[in-house]
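Okay, so chain A shows up in both of these, paired with chain B first and chain C after.
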Partner chain A sequence: MESVLTIGFNILSFSSIIVLVVLGLGVIASMMRIFNFAHGEFMLLGGYTAYLFYIWNMPIWLGILVAPFVVAFVGLILERTIIHRFYAAPIVAMLGTYAIGVMIRESVRGLIGGLYHQVPEPLVGFFVIGDISVSKWRAVVILVTILVVSGSYYLLKKTSFGLRIRAALENPELARVSGISTSQIYAATFSFGAGLAGLAGAMMVPLFTLYADMGVRFLIQGFLAVMLGGIGSFEGPVLGGAIIGVLTAGLPHLVNPVLADVLVFVIAIIAVKLKPAGLLSMRRE
Partner chain B sequence: MANFDSGTSGGSRIVRRFRVITIIELSMLVVFAFLPLLLSVVWSADDSFFWIVFTTKVLILSLFGLSFDLVWGFGGMLSFGQALFFGGSGYVVAVLARDLDVSSAFIVIPLSVIVGLILALLLAAFLLVARKPPSLIFIALGSLTGAYAAERLARAWYYLGGQNGVSVTHPLTIGNIELYEGVGFYYLAFGFLFFVYLGCRFLVRSQFGLVLAGIRQQEERIKFFGYQVQTYKVIMFTLGGGIAGLAGGLYAFHEGFVWPTLMGPTYSTQAVLYVLFGGVGTLAGALIGVAAIEFATMFLADYFQNIWPIILGGLLLVVVVFRPTGLVGLLVSERERIGSFRWRGNKKEESGNE
Partner chain C sequence: MTDDTGRKTEVTRRHLLQTAMWTSAAVATGAGSWVIPARWASAADPIKVGIATDLTGPIGFAGNANANIAKLVVDDINDNGGILGRPLEIHIEDTASNESVAVGNVRKLIQRDRVDVVLGGITSSMRNAIKDVIVGRGRTLYIYPQLYEGRECTPYIFCTGPTPAQQCDELIPWLIQNGGKRFALPSANYVWPHVLNEYARKVIENSGGEVVLEEYYPLDQVEYSATVNKIMNENVDVVFNTVIPPGVGPFIKQLYEAGFQKRGGRLSCVYYDENTVSLNAAHEWEGLASCLDYFRVLTREGDDPFSAKLAAAYDERYSGSVLFTAGSAATGMYRGLKLWEAAVNEAGNVDRDDVAAALDHAKISEGPGGPAEMVPGKWHCRMNMYIAVAKAGQYEVISRSPMVDPKEC
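Then we have the complex of A and B:
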């Protein structure tokens, strides 16, 4: 019983990270109608920032706190210089962001070498509730995710900025003639999405390892989750991320880990095939 | 596309415009046909051997590049998993050579093509056939996922050698002749490239190619004309897979081993890079891209060891943003790049109608 709960908790914490990744991807995909193939590398960059703080002998929690802002800043610069050219052309966007991803990945590889790096958890120890003990850091990860998701939801649905975002999403032309600067909103959205990836990467590194190719894996998972949930809504990607996260972390307990890894992709792509518009599509063409 | 009208008035102009690509093709043909001869004159035996082996690799990778160009440049499907067919058939022939001592070219080559065809057909059937046409991103993502999953499996599967891959200790044989790296293998690869290129050249300029061009422009309209759009796409995707399979089989025997990366996203990206750099949608562009990138990697990777992959990424970005037509776009006019389509039955039908 105890081990089942611990496993459940681990699955939950892993799913939280995936939800953060997918939320960032989904926000960008819904808003600008482009798929950011550099998203996995934004995650890598976040993880690398946390790792830098560790080797500079600075508190890791500070690194994890700074990472999303660093990555959001990088995202903002990229958006203003390159990515804003891609909005009219989704294919060019796909290839262009992929190229950016390659550059980030190879730069990080050059900096950390082709090795796997371990970063200790900023909060060591366990909460003991009754006879279950849960890792403090995993609890923090789950808590932060809940805060970020509900914060984003509040921002989107209850504030005037959120209203403008929804307007730009629904009908960019009409939003522009109503005096909403869509280009600013796009820049903010992209930067926000990148920041979420950075946060996810930084929080993930203490739980797993940092290595240069980690982005590719999370990118594919993230995309499948976005498409599974449906583009254009807030709830879709979050739901898709949760499903993919639970599958990814849960299946290895049932079948051989490598097979589980592949199985997640197969299940997800079949689900997307059956429901191309996603589980929670906005039902508008 | 304003140049479908192959009217009589513009005939001479079109002939003149068609020269550049033909010149490129012919000069490549001449260079590659006589390269071993040329090298043996200029360099010592050792040096020329090295360059022949290297150029053989370029020729095989050209087949691989060509396969992606067919699927993306002409079929309009962004296959981010082209390496799945390349590496997949490489693995099959490598394992057969290891376990059953199969090394005859008469088995290996057809088999590698068939494996590529089958893998591509299965993937295409899954990705492309649906009531609603699949989105471009679904095709890209689906093929990428396939390649990634295949690489993961190969990495962990002991029978396939795990991380280390499978080494091919046998040379490729034709009857009693054993083909080792060098001039023999070079001409084998050259021959295949030559015929595959001719086939592709015929295909993309045929009526079949015209339908594909129409699909790239306006898929809906072509569908309303009564064409089975998805069938055309599946055929093109499968053909691309077959060519990639051929390249994979040759590559496995030429390099002497296959390893998991060969099937994964890295090699798939490599194909994308070759073709975009050389010039997408022109067959010659694929070959130019492979040659340019492989030779540049050869010469420059030593000087910029750590940053070379970053430079390649930057190059891809520059091409995508500023030069979507690639290197070929620098040499060839837009009109020639897109080309026109042969319609052999034209006159007959007209006279029949009258």
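Then we have the complex of A and C:
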């Protein structure tokens, strides 16, 4: 029984991390129709910010709080200078964001000496409930994910800012005629998505290790989740992320880990084949 | 020019000229190629030493340490008159942690630069990719410096890093005494862990232990809750780990959080050196046992004056984040160069067969961690091995074994 609870908690916490990663990716993909290949590196920047606070002997929790704003700012600058030129050509956007990602990744690799670094959790250790031990920081990650997902949902679906974002993306011409500055909205959305990536990176880096390629694996899983859940809705990518997270953390309990790694992709690809528009698609054509 | 403390810093004309020479050499030979001639010349042609190592890519930290120590050793040899009265010229190529790039670059060393010996390669896949270019078609001597899974028994390839026997024979009985009999072998899914585990399993079983879990993971896996769960449920006493970064940090953290060490479990990892201490908080890897040919702590105790002198020379020249460690093949690189120097001196020329015949029984009386000698006919070398245990984030050497046999070939 304890074992089942421990396994359940670990699967839940890993799924939360994937959901947090996918959220920013999903917001940008769904709202702006751009696949941001630099998303993994935005996460890396978030993790690197937390790491800087650690090596500068400043509180790490502060670093984790600041990270999303730092990365959102970087996202804003990149959108205003480079990304906004790509909106007409999504394929070029993929290549462009990929190039930006490579530049960020290799710069960080140089800054951290190509090594692997730990960033301690702001809340160290675990509490023991009955016979199971629960990592404090993993519990925080689950809570933060729930808060951020509900907060983002509220922002995009219930506020007038969210309405303007959706208007600018549904029908840019009409939005502009109605007095909405679509270029500002795009910049804000991209920056918001980048900030979410920064938060994901900063939240997860204490659980894992800071290294230059940390974004790459999560980016691939993130894209898989977005495809699985479906582009165009807020809920789709979140659901996709949860499913990919459960499969990734859960399957190694059942089958050989190398096989599990492949199986996640096989299952996701079969699901996408059966429902090409995603599990929760909102066709807007 | 002054720095923040107002002290005059050493940016002299000579410094500038040296930098300019480096840059122009890099431009002349193409990206990733460096030629460093000796500071003196003689009537005789220089002897050309080729270094092929991973200066860039994920294991760049190790490759740069290899290039650094090679430059240090070669400069030292040149300052003492070179070999056979001839200066050494060092040719460095980047293998870029990428086998297909590496083959092209190593071919440059062989065909364009016509080097007399090649040292380098860190991963086994890299060695396998470049060895034929060097010793097969290249007809050149090759020295491989990294700790590895063994079984490289090819004429003209000499291995100067520790083998599974050197890393396991002393360590595993110690782990059984200081941990317990039930072993888990969590491993990254590539050649080194597979072959090392085969050997480790034999030693574990012969020493009265048993392997209750042997599992392989994708190289970039970072979530290990399933593994940790199995280790806890199976009442494992010793985790003999060959998971590599980036996975190893989260794995050790999750193991700690599950209470493995609190329950009396013993962690062990035979590539752990000074580069890996930043992977986890000190309390998470407390008690981890490693077995290598050199630990930095040997230089502090004052019992190995040569290692201390070498470390000081290295730090003086390369103060920064690129550390001189055993796990990154840098100690093997030192040993390889010095053994080769001894062999060329004995052979009296740089002909491949003559040098190989002399290298077959070459000896050096000092090196990082102690002396070394090739085992005749075996292409591997005897060296001192040390078991070190992590205490509060530092290694403490708890056992020394002089001149351990590689037991290869």
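Heads up, the rule we're going with is that the second predicted complex is superposed on the first by the 278 of 285 C-alpha atoms of A that agree within 3 Å, B and C clash if a C-alpha of one lies under 4 Å from a C-alpha of the other, contacts with A are read in each partner's own complex, and residues count from 1 in each chain.
One rule holds in what follows: a contact is a pair of C-beta atoms (placed from the backbone, for glycine too) under 8 Å apart; a residue touches a chain by one contact, two chains touch by 3 or more.
Predicted model, so just to flag it, every value in this text is computed and none were measured.
Participant: So if we stack both complexes on chain A, do chain B and chain C clash, or do they fit?
Facilitator: By the criteria stated at the top, chain C and chain B clash after superposition.
Participant: Per the contact definition in the header, classify A:8: touching chain B only (first), chain C only (second), both, or neither.
Facilitator: neither
Participant: Scan A:276 for contacts with chain B and chain C and give back first, second, both or neither.
Facilitator: first
Participant: If you stack the two complexes on chain A, which partner ends up touching A:261: first (chain B), second (chain C), both, or neither?
Facilitator: It touches chain B and chain C both.
Participant: So in the superposed three-chain picture, is A:217 touching just chain B, just chain C, both, or none of them (first/second/both/neither)?
Facilitator: The answer is both, since A:217 touches chain B and chain C.
Participant: Once chain A of both complexes is superposed, is A:227 in touch with chain B (first), chain C (second), both, or neither?
Facilitator: Touch status of A:227: first partner only.
Participant: With the two structures laid over each other on chain A, which partner does A:91 touch: chain B (first), chain C (second), both, or neither?
Facilitator: first
Participant: In the overlaid three-chain picture, which partner chain does A:162 touch, first (chain B) or second (chain C), both, or neither?
Facilitator: After superposition on chain A, A:162 lies in contact with neither partner.
Participant: Give the one stretch of chain B, out of 1-9, 163-171 or 217-225, that collides with chain C after superposing.
Facilitator: 163-171
Participant: Show which residues of chain A both chain B and chain C reach, each in its own complex.
Facilitator: Overlap of chain B and chain C footprints on chain A: residues 109, 216-217, 258, 261.
Participant: Please output the residues of chain C touching chain A within their complex, sorted ascending.
Facilitator: These residues of chain C touch chain A: 58-61, 189, 215-218, 220-223, 225-227, 229, 233, 245-246, 248-250, 253-254, 257-259, 275-276, 278-281, 320-322.
Participant: Contact residues on chain B for chain A in the complex?
Facilitator: Going by the criterion above, the answer is residues 78, 126-127, 130, 132, 134-138, 140-142, 144-145, 148-149, 152-153, 155-157, 265, 269, 272, 276, 306-307, 309-310, 312-314, 316-317, 320-321, 324.
Participant: Would you tell me which residues of chain A are touching chain C in their complex?
Facilitator: Per the touch definition, chain A meets chain C at residues 3, 6-7, 10-11, 14, 109, 113-118, 120, 124-126, 133, 135, 207-209, 211-214, 216-217, 248-250, 252-253, 256-258, 261.
Participant: If we count contacts the way the header does, which residues on chain A are in touch with chain B in the complex?
Facilitator: Chain A reaches chain B through residues 35, 82, 85, 90-92, 94-96, 98-103, 105-107, 109-110, 216-217, 220, 223-224, 227, 258, 261-262, 265-266, 269, 272-273, 276.
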